[in-house]
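Each of the next two complexes has chain A plus one other chain: chain B in the first, chain C in the second.
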Partner chain A sequence: MSTTVENGRLPAAGNSLLRLNAGLLLVPALLFYAALFVWPLVLSTWGSFAPAGQLSLETYAHFFGDEFYRSVLWRSMRISAITTLMTLIIGYPIAVYLSQNWRKGRSLVVFLVIAPMFVSAVVRSYGWIIILGPNGILSSLMNSIGIPMGHLLYSEAGVIIALTHVFLPFMVIALVGSLQQIDPSLARAAQILGANGVSVFLRVILPLTLPGISAGSVIVFCLAASGFVTPALVGGAAVPVMPYLVYKEGLLVLNWPFASAVALILLVATALVTAIYTFAVRDGASKRRVVR
Partner chain B sequence: MMNRVLTVYVAIVSGLMIFPIAIVIVASLNSAAYLSFPPSGFSLTWYQQVMSDPIWSDALWLTLKIGVAVASLSTVLGVAAALGLRAVDNTLSGVLQTFFLSPLMLPTVLIGLALMQFYQSLGVRASVLTVTLGQLLIACPYVIRLVLASFNGIDPRLERAASILGANPVRVFWHVTFPLIRHAVLAGFLFSFIVSLDDVNIALFLSDTHTTPLPVQLFSYIEQNADSLGAAAASLLVLLACLAVFICDRIVGIEWLFGAKQRSS
Partner chain C sequence: MDAHLDVRRLRKAYGDFVALDDVSFTAASGEIVALLGPSGCGKTTLLNVIAGFLSPDKGTVIVDGRDIVRVPPHKRDMAMVFQNYALFPHMSVEHNVAFGLKMRSISSGEVGQRVQEALELVQLGGLGKRYPKELSGGQQQRVALARALVVRPSVLLLDEPLSNLDALLRKRMREEMRQILKSANITTVVVTHDQEEALVSADRIVLLASGRVEQSSTPNELYERPQTIFSARFMDVTNFLDGTVIGHERGNAVVETAFGRLRAEVEGCTVGDRVTVAIRPENITKGEDAGENCVTGEVISSTYHGPVRRIEIEANGARLIADIPVKRCLSKIGDRLSVSWPADDTRILPNEEPGASMEASAAERVLQ
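Let's turn to the complex of A and B:
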């Protein structure tokens, strides 16, 4: 029986008519994707390479030739990288807690940490505006305990704080998934063999969660780099990021070829960073294995 | 000792996670137009204003309509696609899965921008339909993923038994497969609704002044003025999201997000 239960797919024997019919169920989705996903993207990409009807790299030259646009790209990458690191550092202990099923307050923590993911980023950014604003809670609090502090609204730090809040659940979910797969007897074995808590974590748990760290980082980095609402509301025009540029050029300036170029540059830059990162993590992990 | 430190840390972070949302709700119940601490008094007047102002109430109504439309369409399309993926061979299925999930890997502003240019080139005006079809692209992948994951829990012998006993493919689906995946289907429906409810990036490009969903309306409003009226509208969105999450949790358990096994029926 072991051959047929693989992946829960239909057994291959017989019934080829059933399989053919079921395959046809892909057609509506394929048509939909072709018409309203692939084709518009092709058109948009073509538009960015042929702003005046014939092939040219004008829009891209315009982007990379301008110091301001380059700084926006760099800022987007920087903000996303810091946000990813913050969610990883803050989220890891939370994930450890959530992966321990015996914790009493576990379901409450699941609710408090994960459920905010489902609340619109507009709402959460609004919360941060109230907290970080000029007369906001944070600066009032700091001033009242004697630490004078300006406000963080319309600053890069403010955007990073808000983005970390918005994307922390995604990192936690990725890490919990990976932590739950670890056989608890491994940690116990290491302990019995004399490892203390720190080295059990560093040499057993952490290496085993590298896939989760890698997956979570890629998700958060991509989401943070393409997030528009939070940087636009918390950072505004003072902290322009790539999606903000797409919005401005696409909807306000109406320079569509340039807006498309900006969006594509964002896509390629994000893909490059995540590819290098994933490769580095995998490479590091395999080197460790060789050393052992 | 380590345990207690971890518990305290988790409590603090949990509090910080909920705080920005709680503060919006507090602001919406404040009687003054702008939030100050301590709040000047309790009042529901901002909710009353939101509901009586057609700009807001129309936006809310539109959001609900679009949300239900996106959820229904993405469920039908996604379940069909997942069933199809299960029937084709492994390699093709893998390639197609990546293709179907790819809208989630692209910046949503790119999808919104591309669709806007596409509709403009065809002369199609912004409408409920353009927004719905746009959001469908980022909702459908979740349905496909959820339903595909639920197939793993099915013993294929059950379906085989049904078809050997003479049930046609439609009956096999309806009486055997569907009952086994119904939790995932429902979760996909609710998740799609939430995706639609949260979306600004795509709707921003595909809506005009007559078809502005609540999140887009709220976004434009907050960009200008962060007052208690905006907080009340924001709280309505929180309420809707809570409702969807609550139902989702009742039915499948929020744990499915971790990719763990689903609660058995």
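Let's turn to the complex of A and C:
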């Protein structure tokens, strides 16, 4: 019964030369990464474990023994998580809009979503300083309509707003890709079987976009956790995050072993969070299939 | 006959293009109606209007006496099988079939029971835990049918349900599907471009052409007594001869054509009428004594079609296509051959104005 044909999977004869040498095709990239990424990572990892030439956990004890450093790690994770959530909430409707090819003005919205990526992070951050600052547009607007509020510059909320703006395109692109793969007749099939708009979304569209949600979230979380320019300019010393700590310890204090340790802790923490998140999403998707 | 589904005077236009032009038909309770026509005839638009995915510019859709044209799809109590089946890829077969029942807030015990019954009805009892991508095309088609039947819809809609299956499986499934639909006694509207599928599976066929109903009748009547050149062409009639009725004789009309005088069945024609004579190729037999009408001409083409050879004969500048059983056919191109056929198999159709015959030739292009 199941004589499924693997569509177009037959290797074209003309490609055999390229297939044989597939390993060779990756050599330039591998060399590049080995020299400029892996080797420095090995060096700084070694440096963090051997601050004075011999093996010790001194730098890590210093980091985890100090409440301030622990709070910085926690803040970095918190800011990244909230930013991810914000981009997801704001980005999903945009992605739904963009995945509907028949929409008029679609290309304009694509441009508006992508536009922030044309501007450097520094310029964008200065833009947010003007908006969020003490006499900025946001606080004067709120005050003028009778809602007194302070300014958001040098606050965690300000950093999250700016990061959300910066990383929204990544989330939208990941979600559009996954939404466009959904066969439009699935939504109609659900409708004619009695599902209203909410049910169509929750039972069909959302589960089928979980891979896109997962990919977009991992990208945004990692970028937000490792972002330096935006937190440094919008948050400054009042909102210290891990990359800021690396910068301060490495370039201002010149404590390279400790800076290396902070960088490695950030790397491991980010990897852990994204791994747990990805597994949770995948697990949730498969559980849904078992529970009636 | 009480109409369970009553589609009245639907019109739908996209700019200048009229997809549906004053389309009406009815379906009695439990009846299977096929919407048949070439691509672009409006049959899919019509199905989408009945389902509620499209709203018509004019006209109404009435189910059980209730006008539902403004009711959204999820409240129409219908079900649909899509051309590509549209099974939910993230759900097992069981969950796909259970979907409509859950949307109707049916208790989980009953859901489980009805899902199992529906799967057994389509002979997929053991495959409930599988996922759609683990099934063959034919199995996916059955899941789609089970998912639609299990909700016991007031109207079942099928959009080219068999077109993605290979030829052998399609032939088997269309008979099986008819049996299932008949035993479930569900009013069904099936869209198809395949006249054979419509003939086999439907109780009634609504033939559509360019957004209008060309003919609405039983399969037998549509096949035996097409009322227009378009209907006849769509039902595999290949021979059309223009002629003039010159008289009546022994219960037959006599028509003067390029092949001389032909006798035809009588149906609403008077002497002097310009008519078109239609003859089905399989009704023509080799030899001179198979019926009242006989033509002798030169064989100009001969094509092998399996059980028959399709022979084309030319005489007096007109051509006639005949399907002759292969064993009886030894004629070569250039031979002279006589063929004959009875007056009963010679149909008289109204001679259509130029615009209409253009549509007929458009239908012919689609069929070839």
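Just so it is clear, the second predicted complex is superposed on the first by the 261 of 292 C-alpha atoms of A that agree within 3 Å, B and C clash if a C-alpha of one lies under 4 Å from a C-alpha of the other, contacts with A are read in each partner's own complex, and residues count from 1 in each chain.
The rule we apply is simple: a contact is a pair of C-beta atoms (placed from the backbone, for glycine too) under 8 Å apart; a residue touches a chain by one contact, two chains touch by 3 or more.
Predicted model only: the values in this text are computed from it and were never measured.
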Touching partner for A:Asn196 - first (chain B), second (chain C), both, neither: second
Touch count on chain A, higher of chain B and chain C: B
A:Ala232 touches, of chain B and chain C: first, second, both or neither? first
Which of chain B and chain C A:Ser260 touches, first, second, both or neither: first
Which superposed partner A:Ala81 touches (first chain B, second chain C, both, neither): neither
First, second, both or neither for A:Ile137, with chain B first and chain C second: first
Contacts of A:Val204 with chain B and chain C, given as first, second, both or neither: second
Touched partner set for A:Ser185, first chain B, second chain C, both or neither: second
Chain B and chain C footprints on chain A, overlapping residues: 1, 4
Complex contacts: residues of chain A adjacent to chain B: 1, 4-5, 7-11, 15, 18-29, 32-33, 36-37, 39-41, 43-44, 47, 90, 93-94, 96-98, 105, 108-116, 118-131, 133, 135, 137, 140, 162, 165, 168-169, 173, 176-177, 180, 197, 222, 225-226, 228-229, 232-233, 236, 242-243, 246-247, 250-251, 256, 259-260, 263-264, 266-267, 270
In the complex, chain B residues that touch chain A: 2, 6-7, 9-10, 13-24, 27, 35-37, 77-78, 80-81, 83-88, 90, 96, 99-100, 103, 105-111, 113-118, 121, 133-134, 136-137, 140, 144, 151-157, 159-160, 163, 169, 172, 194, 197-198, 200-201, 204-205, 215, 218-219, 222-223, 226, 230-231, 234-235, 237-238, 241-242, 244-245, 254-255, 257-260
Chain C to chain A touching residues, read off their complex: 51-53, 72-80, 82-84, 86-92, 95, 98-100, 103-104, 108, 111-112, 134-136, 138-139, 147-148, 151, 157
Complex contacts: residues of chain A adjacent to chain C: 1-4, 183, 185-186, 188-196, 199, 203-204, 207-208, 285, 288-289, 292
